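As structure tokens, here come the structures.
Both complexes shown next keep chain A, but they swap its partner, so chain B is in the first and chain C is in the second.
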Partner chain A sequence: MTEPLTHIGKSFQRIDGVDKVTGRARFAPDLRFDHMLHAGLIRSPHAHARVLRIDTASALQLPGVKAVSTIFEVPKVIQYWFFLRTEKKKKEIFLYDDIVRFIGDPVLAIAAVDEKTLEHALSLVRVDYEPLAAIHDPEKALTETGVCLHKKGNIAFRVEKAFGNVEQGFKAADIIVENTYHTSKQKHASLEPIATCIANFESSGKLTVHSSTQLPHWSQHYLAEIMGLPLNRVRVIKPFTGGAFGGRCGLIHGLEAMCSVLSKKTLRPVRMSFSREEDFCATESRHPMIIRMKTGVSRDGVLVANEAEILSDTGAYGTHYIGVLADCLSTGVGLYAIPNYKFSGTAVYTNTSMAGALRGYGNPQMNFAQESQMDILADKLGMDPLALRVKNYRKAGEMDPVLNERILSNGLEECLEKGAAASGWEEKRSRKLQPEFISDGSIKKSPIKKGIGLSIMLHGTGAARALPDPGSAFLMINSDGTVNLHTAAADEGQGSRTVLAQVAAEILGVEFESISVSETDTDITPLDCGTHGSRQAYCGGLTVRDAALDAKKKMLTHAGNVLKVKPDALKIEKGLIFETAHPANAISIKDLMQRLQIQDMGLCTQIMGSASGIAPAMPGYYGAVFAEVEVNTETGEIKVVKLTSAFDVGKAINPEMVKGQIVGGGVMGIGFALTEGLIRKDGHILNPGFTDYRLLRSCDAPPVEAIIVESNEPTGPFGAKGIGEGCMVNVASAIANAVFHATGVRLTNLCMTPEAVLKGLKP
Partner chain B sequence: MIPVRININTEWREILVEPGERLIDTLRDRFLLTGTKEGCGEGQCGTCTINFNGKAVLSCLMLTVQADNGHILTIEGLQDGLDLHPLQTAFLTESAVQCGYCTPGMIMAGHALIKDHPEPDDSLVKHCLANNLCRCTGYEKPIQAILKAATEMKEKSHD
Partner chain C sequence: MRNTPDIKEFHRPKTVTEAIGLLSQQDNGTVLIAGGTDLLPRRQSGRTGVTKNKLVDISGLGLNYIRETQDAFLIGAATDINTLASSPVFKTSPYTAIIEAALAHSTLTLRNRATLGGNLCNASPHADLALPLLVLDAVLVMEGPHGQKTINLDNFFIGPHCTVLEPSEILTEIRIPRMPEKSGANFIKLTRQHTAIDMAVVNAATCLSIKNGICISARIALGSVGPHPFRAKKAEAFMENKTLVKNTLQTAALFQEAAGLAAKEASPIDDIRATAAYRKEMIPVLLQQSLGKSLERSLS
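Let's turn to the complex of A and B:
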């Protein structure tokens, strides 16, 4: 790009910012409709049971109770949109049965005129269950033959892949390390609880659903199937969303489908809103994994073989278990050029709340194992962990064997260099850092041990060829030269609407303020896969770029007619179209549009641009995290003092927003490392609230230094690729490596607790 | 039902409420002041923070009858016509907003803090915001925004 960029690489304020700071932004829980009914669920008290009988007679007799819907008539959604591809596969998405499979599994929903009546009605319902034996341990799911969670068994999915010859690879290795890693059941914990919806089925036969979904169009597809409606009779509107992080990647278990059926029965808007406890106990989580990993390296630090065996706990139902294991595979095999790699993954059902998509999508678990292994190997080799990474990472120009694509951009080495410099890596690694203090006049060793560790990561942008991953946009130019951009690229708070407006402004040569971006609404925005896989800056950016190019081409054709020159002799800057060679020969977009749309009654034409399609690639984005910790050897407490996070995003379209992702993702990563995980006992979740499920607070969060590296991805819009998920992926591994540097204790279980540190310190 | 008189965003309102009605429900359901958010309903997340008689309080833990004869300020009452409050402006310019769900609570916590401590330092703001969870930003930017707003408000008061 030889022309200087006017809108790319500039930190515009988010276009929906004023709505958010004034309290005017309306999130799903804020919506109210006339004649709206309130719905709530009866949830299973059993981890595994058959529902024998549901008695709602006395509830229905209560004045103000309007309708009931049950699991006998409303299906569970147990697969993701990969299964929309064929009619046969599509059927596998929905499960109609009379079994409840975790404590909190919905059994029925009631709609009533107000919340008080609803509460009373719910207390009058009687459900008879036949309790069944339950499985709580994923390892038991593999061996237990007497208990079967689903018709096809307890194994949801199995994948095996081999590259090269792993046995021979290990024979050639000088050092082999093998460890087993455990990761926790992390929750999204978005501040807007998951989830609230209002479904409105009208007599005309049209269903409108307001729900904070990341995938408005796929939610529309699922609801059309469930309700037996054509797609043009199902409208999904996504209001402002209070964070998602993967937790809204599809229909919410027991929410939209139940509400839609209740609304059809009553012909009134039906609202259902889960409490924070319901969010914690009965919506999706990260997949807890047990990962056995064996890694072999030659004496000079070349990785020769790796074996990964993963057991993934998808809980009572599946939605994303295939994709999550596929991501473990692609990120695990993709990061390092290891000639011999054997990967096997098994997802099993257990009687607990289901796992699903959560920022990183399998990668944080896999990365924790892989990057801990690398640190152990560096220690055994007596090699700088940074040098070991540089020696082995898969560089630009090399083939990615899983995606079977050539890597076109990889700024990992620059991430490592800049991160090392900013964090003071070399000095802090080599220097004896352990502080001492003076007590009673003599120098004593402090119980605090300091350490620094690093790790790297690769994450894919979008899901081209892995999943149906369409993107579409159109824009129309108004008679005053302003622009309305229509896209369903769901903004969950990351800022995609702002970034896409920047792309449109850059291409069209208009001011940022001239671009308005539509709400996300399947009636007015064209098909988009939604927000997942760090895809909106890249996939959304490409689509909006192409739609804007389409409009620009049409605009220049008309301008050429007016200015009596060929369109390719024209340029647009700041809303003015002019002849490059004779800038005085010019017309403003506004004047041109006035002519086209209103003044020239022989034309009366509006310029519109559109684009739709799949991204040309699924480029990897990369990052290095340097974590500094202080470990108290008396209490076992791990304190993260600072993170330095350098990420290659191809090109930062809005640098402040990229940094916002890196800092926020860093803090979420520390939570994954140290404090976050649902604690389970016999199918009960023991910490379903912020008192006991501990997110980092302002006083706990250390500074995160965010460094942007730009490798210029050739397939990306202005060189951009993703960032949203990757920035939390390798935080836990960097912290584990820092704890080892500080104390010599290797922690292999997440979260890393003070108890585990103290146990490791025992001689 | 109990009669209650409350000043909400400078207007006196008289209502009849159930003894157990929570202040957050009065604000959101009766007066449609939905800028005040509910994130947990048990006083742990801070998204429902408002100002009551100048102090930051959690409206999910307060009963409306307890607010009788008191002054309430919510996020909707902060701006002056079209002009944003310096805190609102600072949250925009400092990129302190992502999803925006915790933002009203954070701003109201900051508002009460600056009233009592016109020149807060970094550690005081950090301490004050410890009641307000945020999942998007990692807290750094909201802290900066409150510090910046405090400086600007101080300068304005000297004008």
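Let's turn to the complex of A and C:
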């Protein structure tokens, strides 16, 4: 693109912004339909039990109760993987059995005319259980033979990969460090509670489902399988969504399946919405991991070998356990050019709520271990941690051995440079002696120690090398020159509809306001993998770009006929098509469309552009986070004073929205580091609400300085790649490294608690 | 969560007598409601109050006031926390500790609903407002079918969410006696985050009265580290008659010793906010700071 860009790199206001701030936007929980029934669940009070008998007789006798479905007829969808790719996979996906495997596991659903009747009905159900021995500790799951969560055992998945020769690598190392890291069970805690669905099975045999899913076409495919319906009889509509962060992948814990079965029985719309407590206790979380990592480096600071052994707790059922470990592998191996790398990962089942996808997808856990190791090594080498990163990171032009792809863009060094400058890294880092200012009474030193730490990260954009990851779009040019863009690139609040409208406007040469972007609706928007893996600006951007190019080509062919020139002699600017050499020879898109669609009765054609397919790559995007902390050595409190986050996004299509992502990711990362995490005891979640599941509030959040670096990814739309997940990935590691700088205490467990700081300070 | 029984009756009496009448007639399914910020969440989560489904709302009894007399401040039990926090009456030492605790109690919206009497009667082990009132020797006025009686706040709590208040009695007023000149008090709270939204890991208040450089009275109260907020009386006794000079090593050593004594009087437990061991370790840290501040304020 040598032409100046008109719409890319400009911070257009969100197309749904006004609707959202005025409360006009309707989210799934806002939706109501005539004759709608309300459904709710009986959930297991046992961590592990066999269901012996379900007695619903008195509940069914209650006036207003319309239907009951039990676990024997509604499957648990335990495997979201691979888009139902093979018959074998399909069989493993739906589980109908009589075992409940965590406290909160659904046993049955009831639909009733109103919520009050529903609650009464639920209280009348009697379920007899035979409690079974439970496993709560992932390490026990490895060795325990008497307790078995699933037919295949307690080990869900194992992976081993080796690059080079790690034994020889360690022999050549001058310094080797080995540590074990533990990470917590973080929740998505999106603004809109995680799951609301209204399913409406019509007597015509068509099922329409409104759900706050982030993968509408996946939901459609699963529902078709479960309900035995052809795909054109299953319509999934995704209304406005208040954040997803991976918690709404595919069917949200079978919620849509339960509602659909109940709706089929009653031929009425059936609504179910999980409470916040159900969200915290019984929906997916981040995988808690135990990561043992051994890293070797030469005296001059060249990484020579790394060994990572991961134990991942996937909870009662396995959904994303393969992908999450695969992401640990690809981001761990991909970030640094380490010639010898040995990776082993094991995912185990335990009797706790299941783990799944959550922003970062394994990478925050892996990065916490890897980037802590790097900081320890820099300290032992007496080397600037920044210089150690620059020396070892995998640069553009090198091969990524996991993806087997050449890295085409990597702005990491610029991220480090700009972040270091903005955070005052050099000056603050060289402050070896902590400020020992004397408090007012000349009695004692301040208990506050200041520190600064950094870490870097790599995250993949999309999943083109990992799974079927289609993207599609089509757009229609109307007779007044406006444009309708149809895409199922589900906007969960990140702003993808706005960004995609900018891409379409740029290509078509029309004003931003001329583009109208559809809602996500599988009846009218073509196949898309939905929102996951930081993919929509890149994958969505590519398909919208190609669909717009397709429409533009058709438009210029017709315009060429009208203007009596070849199409390639034409240009479009601000809705006007003109001959580049003779700008006076011109026709507006509006006039052209009038002519094509209405005036020329021999033609009557609408210009439509379409594109569909998989992205050509899954380019890595990169970032550096600099965290400044104050640690109170008397109480152990860690206060993050500021984050400086510099991220290489290829090209920022909408810079303000990119910054919004970076700030939000920074705050979520601080939560992951310091305060967020489900506290569990014997399978019970002890903090199932915002009082004690401590999310950072706006008053808790420090300033986050967001810096955009643009490395121009050659395969991306206008050079763009991802941002959504990566900006939270390396915050915890940066904070741990800052705490070390401030106090000399190395924290290896998340969340980092004041108590752990104090323990570390004791001689 | 789903099994919270409906509220069966709701009364809003106009007078204290009428309210007591309602309480006396009813069975033990009756509970008072003022701001509701403790009662309603506790009902919803299936804890205390869940079986009580007849509510007597005391917001209409005229118990929202702060008055001054020659020897005391009188606070109506239904006075909301924000009114306390913004009251000019408490802007002088040592009463500022009340404002500190009120501001640390919760967010603005909660403070607008929650009441002082509610905070005391709920008798949470970490009740923020109990602490300054304990060190200021507050006296509670309770009314029941047999008339009015008064009790020191120090004798009010008997266990977690448990007080000496009879089911037919209402706490109507909190009296804070005027303290001697040169008294200083402070409230301090440690939370998981540095904001008022969290419940305390440890909270404490201290009050020191100084005459001719000598501590004539010391009060030390602790929260979240025992079954209810309490005074650390051994530590208090230790402080009395000691010569205190701010910012000196000798006084710091005295504070350290007193704080260590107070920690021994505590019996914290592990919960999801912190372990017992951490709480115990934090008591001296907080108290030394708080005593330092109280001393400074007593002299200014």
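Things to note:
Heads up, the rule we're going with is that the second predicted complex is superposed on the first by the 749 of 763 C-alpha atoms of A that agree within 3 Å, B and C clash if a C-alpha of one lies under 4 Å from a C-alpha of the other, contacts with A are read in each partner's own complex, and residues count from 1 in each chain.
We adopt the following convention: a contact is a pair of C-beta atoms (placed from the backbone, for glycine too) under 8 Å apart; a residue touches a chain by one contact, two chains touch by 3 or more.
Because the structure is predicted, anything quoted here is derived from the model rather than measured.
Overlay on chain A: chain B and chain C fit together in the combined arrangement.
In the superposed model, A:Glu656 lies in contact with chain B only, and not with chain C. By the touch criterion defined above, A:Ala490 reaches neither chain B nor chain C. The partner that reaches more residues of chain A, of the two candidates chain B and chain C, is B. Using the contact criterion defined above for the overlaid structures, shared-chain residue A:Ile99 touches neither chain B nor chain C, since it reaches no partner.
In the overlay built on the shared chain, the residue A:Leu122 is in contact with chain C alone; chain B does not reach it. By the touch criterion defined above, A:Thr635 reaches chain C but does not reach chain B. With both structures placed on the common chain, the touch criterion links A:Ser275 to chain B and to chain C. Once the two complexes are laid over each other on the shared chain, residue contacts for A:Thr691 go to chain B and to chain C alike. Applying the stated contact rule after C-alpha superposition, one finds that A:Ala25 touches chain B and leaves chain C untouched. Looking at the shared chain after the overlay, A:Ser190 reaches chain B, while chain C stays out of its contact range.
Closest CA pair between chain B and chain C after superposition: 6 Å apart.
Put simply, chain A uses residues 275, 691, 696-697, 699 to touch chain B in one complex and chain C in the other.
Listing the residues of chain C that touch chain A in their complex gives 1-3, 190, 192-195, 197-199, 246-249, 252, 272-275, 277-278, 281-282, 285, 292.
Considering their complex, residues 40, 119, 122-123, 275, 277, 440-444, 634-637, 639, 675, 679, 686-687, 691-692, 694, 696-697, 699-700, 754-755, 758 of chain A touch chain C. Listed in rising order, the residues of chain B touching chain A in the complex are 28, 32-42, 44-45, 47, 74-76, 78-79, 84, 88-89, 91-93, 95, 97-104, 107, 125-127, 129-130, 132-143. On the side of chain A, the complex with chain B involves touching residues 11, 13-14, 16-27, 29-30, 32, 188-193, 240-243, 245, 275-276, 492-495, 656-657, 659-660, 663-668, 689-691, 695-699, 701, 703-704.
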